[in-house]
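Paired with subunit B in one complex and with subunit C in the other, subunit A is shared by the two complexes that follow.
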Partner chain A sequence: MIVGSQKSIDEIWNMVKDFKKVLVFGCNTCVAISHAGGGKEAETIATLLRMRASQEGKSMEVDHTDVMRHCEPEYFEPVMDELKKYDLILSTACGVGVNFLSQRIGKIPVYPGVNTSFYGAVEAPGQFVELCAGCGNCILHLTGGICPVARCSKTLMNGPCGGTNKGKCEIGPEVDCAWYLIVERMKELGTLDKLAEIQPVRNWSTSRDGGPRRVSLEHIRAYEEGEARKSETAGGNK
Partner chain B sequence: MSGGPATENKGTHLERAAALKETRPYSPCRAACPVNTDVQAYVGFIAQGRYAEAFEVIRSVNPIASACSVICHHPCEQACRRCSVDEPLSVRHLKRFALEQAADYRRSKRRLIEKTKNKSIGIIGSGPSGLTAANDLADMGYKVTIYERHPVLGGMLATAIPSYRLPREALKEDIDDVISKGIEVKTNCEIGKDVALKDVMAKHDAVLLALGLSLSRSLNIPGVEGQGVLLAIPFLADVAFNKKPDLGNRVLVVGGGNVAMDVARAARRLGIKDVEMVCLESAEEMPAWKWEVDEAVDEGIKIHHRWGPKAVKREGDKVKGLEVTKVLSVFDAERRFSPTFDNNQTTLIEADTIIITIGQMANVKFLKDSPVQVDERGRVTWDPKTQMSSARGVFCSGEVVTGPGSAIAAAASGHRSAIAIHLYLQGEAIEGALPTYQKEKLPELPADVVEKINREPRKKIKHLPAETRCSSFVPFEFGYDELEALEEAGRCRGCAGGAVVDTKKCMACLTCRRVCPYGAPVVQAYSEINPERCQACGLCAPECPAQAISMVSYDVRGPRDTMPEIVGAVDPKRQEPVIVAFLCTHHVGVKGFELPENVRKVPVHCTSRIDVNDLLKAFECGADGVAVVRCGNGSCKYKGVEGRVTARTEHAKKLIAMLGMEAGRIGLLTADAGNGKSYAAACAEFSGRVKEMGLKDAK
Partner chain C sequence: MKSGSNLEKVILSGNPAVTAELGPPMSADPHEVIKKANILKGFCDAANITDCQTAVVRISSIAAAALAYREGLEPVMQMTCRDRNRIAIQADLLGAAALGLKNCLCLAGDHQKFSAAGRLKGHPGAKNVYDVDTCQLVGILKKMRDEGLQEGGDPLEAAPKFFVGASWTPMGDPIDFRPVNLLKKVNAGADFIQTQGIYDIELFRSQMEKIRNMGLHERTAILGGIIVPKSAMMLKYMDSSVAGVSVPKALIDRMNKAKAAAGDDKKKMRELQEAEGLKLTVELIHQILETPGVKGVHIQAIEWETAIEGIVKAAGLYPRPTFTE
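The block that comes next holds the complex of A and B.
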């Protein structure tokens, strides 16, 4: 899931202070799981903003609401008319939700209430850890299920580097060395010999370096586009 | 959109939750009640000091509530899930407390109900079932006439149950509630004597026979005829109407049921020192409730078990005693009543008066030659599916058709009859449309949950000592005082009143599962909270990041939504800080929370229910400080609350600090459980600290 973390009220206030009617719009999936931007947090932010407005002597109306997900239009379309009554939507979804809503809501600005942190897991209640970087070319079968792209500070493909120290990374004593973990794990799996194979220079074009990415499923798109054409034709005949 | 969750917000939380409750298993107390009184709901109101609302819950299904509050055999208590922890909740006494507290409110609510339906119903008999049917039919807008042969209404409640057990002022409250709706009452009016049945049938569009069982059965043994042998019901009526029958010095009551207990204990109160009872059954087999037997024994009544009456022995006309035969067994192998005797073992129990209390039957003489058929055993022929007798438009309810039972069971029958009559008069089908009051209930508490529940002894009820209470018909049982009632109400585990997940909002994040100390949430595609385990502590709801959890028994948004009214107008020139105090009411309810004027109280039953957003809302509404006052000394009713509430208050402190406010404006305080004054002291001390920080934006 996508892990988010709340922005400070100061930062949010500076974004919203010149608007009169603000909606804090929560997303009840990933960012709710990370207690950053679900309905409950949206209410908290809305309350804090009203209090801040009162402190600053500003007249500002701040409401809150939430839907299940911001990254699929069907979820927020039912409340679209309500959303359009506001001067500003402060979305507490991840950046995906902010982008997605922003390009659909017309002239109303959509601002982020949350920093989108990473793809992560719930290591323990209230503790989230980055385990995947979404590089678009998975090699976890070669590294004992431990991702060097996300978890090695240098994103080394053939580690560890000289900075490994008793299982920890040189960047900080609290950071595990991913390559130490990979070696230990592959020992456990009896596949340590695989590490002798040198990984070639990696093609990063599937990751951030290749520009914006899109996954398009032909079997679904072919049908959808066909249907869209049919309805266009039907419309044209009228 | 400001309300966040798009929930319907009309009416009270209880009204909004009513439909939901019907889709879930009932609490065992509610399921056990013949009229399904929502015990959990009214006990919850009592715990919050909301007595008028408690009354409304009780009265909504029970028109003989005050009578029940003193005489009910309380099947709710026998079903209470606390039985597997320590002792059942003292439900009947809590009901009595609520009704006493709400007395003025109750009287103020009495209203004449407009007759919107142009039909009239004649109800014969004014006992629990007749009164209940009259109440319901009047509520529906029908014209109702009650025919009662006695000079007072109430049936057996007024004419048989002695006033030491059912004070007549309590019964009067019930009757006044019903009569105030605009019901025509004809007392001293016996059908077949003062008015003919056919005239009643001709006058009304429907007739209800709520006759009860008004005749005592007698014994067919030698010597039974003649003076000195009385029957229970006429004897009790004499007692009820202050006629003092001549009983001599020694009274023997024959029978082992609850009426026999009333008879024996009434005889004691007529000044008879030597009252004895004889019954077929052993102490364990007796049909009377154990507490009745214990109280009778305390009053010096001696019970001869396992003797059967053989003959009344007389000296001349005068009764000498009852010859009895030893009982070998009372029930056969199939547990059917079939006593066997050892005729070689007999004895004489001496007595001046013998009162026979071995059962009752209906007085149906007036039905002879009427369209209402009576079977060869003297029972009115009826169809339980429609409550109708063999005569069209003539209905039956209560013990005349159901046989002997409790007052509240008769009231349930009255409810059914009222609906049946309504459907009949509206030309609608009755069969299948009457309430059964048979509902699925929660099973017993799982053993691992029982282990997590604090042992808290039931609050004892004080009685007049046996030595003094027998000198008069003064009620011998005292009710709870307010503190006792609040503490007792706090023992309720809120069964079936717990957490519910809105599956449209839940994204199965597992937070509730991680939070719940009782293992109630099961999370798959979404969370489902198992009501069998849920203790209604409310710890989960404020933690849910999607606000998907609500509670059946209370409004989780209540404190936030009502905060503007709780805080009220804040004077900018105030000298003292405005403090909002969320108070655990588990131990002392709202009693003793005589807080300083500047403290606005939010009773929360347990601080587990407090949401970070509640605390923030208090500041938004103008509070200078917000206190969360917990019960101390490890006395919390629930598990795992302290750590969670501490975490929430710490989080809220960080949030207000982001607005430049002092973290110390939020205080997590502890007070002595059971001492309301210590809550006030904690709030006052906190208020002083907040004052030093200065009043928020006060000029």
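The block that comes next holds the complex of A and C.
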């Protein structure tokens, strides 16, 4: 899932203070799990903003609402008319949600209430850990299921470097060395000999380095376009 | 001969090789590099020119290496993967070769987080690159030199002829994987290896035994690393905090004894510890060179370049071999 963390209320206040009618818009999927931007958090932020507005003597209407997901139009279409009554949407979805809604809401600005942190998992209640970098070219079968792109501070393909210290990364004693973990895991799997192979220079174009990415499923696109043509023809016959 | 560098010639001659280190300054003034180059000249076969070590901005390795080369000191230009992608790396390699540089040591490079240590602000918010890693960088240099090709496959009109080096941390953990780590660098094409600082000779020798069993000592020239100790405090710090370095208690005790002999005299405390550090260094050089499979030593006297002359002479490694041609 996408892990987010809430921006400080001071930062949010500085973004929103000059607007009159603000909607805090929560997303109940990923960022709700990381307690950053779900319906509950949207409600809390709205309350804090109302308090702040009254402290600062600003007349501002602040409401909140939430939907299940901000990354698919059908989830926010039903509330679109409601959203358009505001002069600012403070989205507490991840950056995907902010972008996606911005493109669809016309002249109303959409601001971020959350910092989108990473793709991660819930290690323990209230503790989230980055495990994937979305690089577009997965090699986890070669590294014992431990990702060096996301989890090695230097994204080394042929680690470890000389910075491993008692199983920890040179950047700090709280950071596990991914390559230490990889070696130990490969030992456990009985596949350590695989690590002797040199991983060649990588093609990073599948990652962000290749520019903005898109995945297109041809069979689904073809089906959808076929359906659209059918309904056009049906409309023409009317 | 792959590069024709002095270091390569010394190694081929069978003499134990001696490399030292020159750290460029945080300054646009070349005189510091020129001064250090003249201090080291004649007492080592080549000197590593660090590439913004600890991620601190300094005169670039290539520029400082070119300055040292003009003074008659053969440089080992260091090249980290931290700051450049494969385009910048290869462009810099062509430039370095065009300036006459012949040795290159491939390194991952210290993470930018290091730069904010101590009194320095550094650049901990920098974006790092790591487009390629050390193994891959070694492969790029070899491909450029031996095939005359860029990494992407485009031909080079004139290939850069580098003597290609890599670092190795023999006692880093996971320690049983470190020989494989070296194997990969050798398979990638490392002609020489400079190791992390060695204090624990027994442990180093047990790692070298594995290396000999793998035959790696015959495929690359391993130069054992020595970090010249200045004080008991430095030895304790390296033991506890420097990755891949363990210092036996006996060595720390020796340094403490030297310190204690000075009583309360701060100046004497420093002098006695430095003297003990030099003595210890010479002993380590002998122990490393007596280890089968080792072809030389890499002596790092960090910000203490003036110590090299005395060390090399005391170790019986002076004069350095010279070659006509």
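Quick note on the criterion: the second predicted complex is superposed on the first by the 228 of 238 C-alpha atoms of A that agree within 3 Å, B and C clash if a C-alpha of one lies under 4 Å from a C-alpha of the other, contacts with A are read in each partner's own complex, and residues count from 1 in each chain.
Methods note: contacts are C-beta pairs under 8 Å (C-beta built on N, C-alpha and C of every residue); 3 or more make two chains touch, one makes a residue touch a chain.
Not measured: the values here are computed from a predicted model.
A.B. asks: Are subunit B and subunit C a fit on subunit A, or do they clash, once the structures share the same frame?
C.D. replies: Pair status: fit.
A.B. asks: Does subunit B (first) or subunit C (second) touch A:130, or do both, or does neither?
C.D. replies: Once the two structures are laid over each other on A, A:130 reaches no partner at all.
A.B. asks: With the two structures laid over each other on chain A, which partner does A:158 touch: subunit B (first), subunit C (second), both, or neither?
C.D. replies: In the superposed model, A:158 contacts subunit C only, not subunit B.
A.B. asks: Touching A:172 in the superposition: subunit B (first), subunit C (second), both, neither?
C.D. replies: A:172 sits against subunit C, while subunit B stays out of touch.
A.B. asks: Under the stated touch criterion, which partner chain does A:87 make contact with: subunit B (first), subunit C (second), both, or neither?
C.D. replies: So A:87 meets neither subunit B nor subunit C here.
A.B. asks: Please state, to the nearest 10 degrees, the angle that the Cα centres of subunit B and subunit C subtend at the Cα centre of subunit A after superposition.
C.D. replies: 130
A.B. asks: Scan A:204 for contacts with subunit B and subunit C and give back first, second, both or neither.
C.D. replies: second
A.B. asks: Just the number, please: smallest Cα separation between subunit B and subunit C in the overlaid arrangement, in Å.
C.D. replies: 25
A.B. asks: Once the complexes are superposed, what residues of subunit A are shared between the subunit B interface and the subunit C interface?
C.D. replies: Comparing the two interfaces on subunit A, one with subunit B and one with subunit C, no residues are shared.
A.B. asks: Write out the stretch or stretches of subunit C touching subunit A in their complex.
C.D. replies: Contacts found on subunit C: 81-82, 86, 108-111, 113-114, 128, 130-136, 139-140, 151, 167-169, 172-174, 177, 180-181, 183-184, 187-188, 196, 241-244.
A.B. asks: Under the touch definition given earlier, write down the residues of subunit A that touch subunit B in their complex.
C.D. replies: 8-10, 23, 28-29, 32-33, 35, 38-44, 46-48, 50-52, 54-55, 63-66, 68, 82, 85, 122, 125
A.B. asks: Across the complex, what residues on subunit A touch subunit C?
C.D. replies: For this pair, the touching residues of subunit A are 153-167, 169-172, 180, 183-184, 192, 195-196, 198-202, 204.
A.B. asks: Please output the residues of subunit B touching subunit A within their complex, sorted ascending.
C.D. replies: 1-2, 4-6, 504-505, 507, 509-511, 514, 544-548, 611-613, 616-617, 619-620, 655, 658-660, 697
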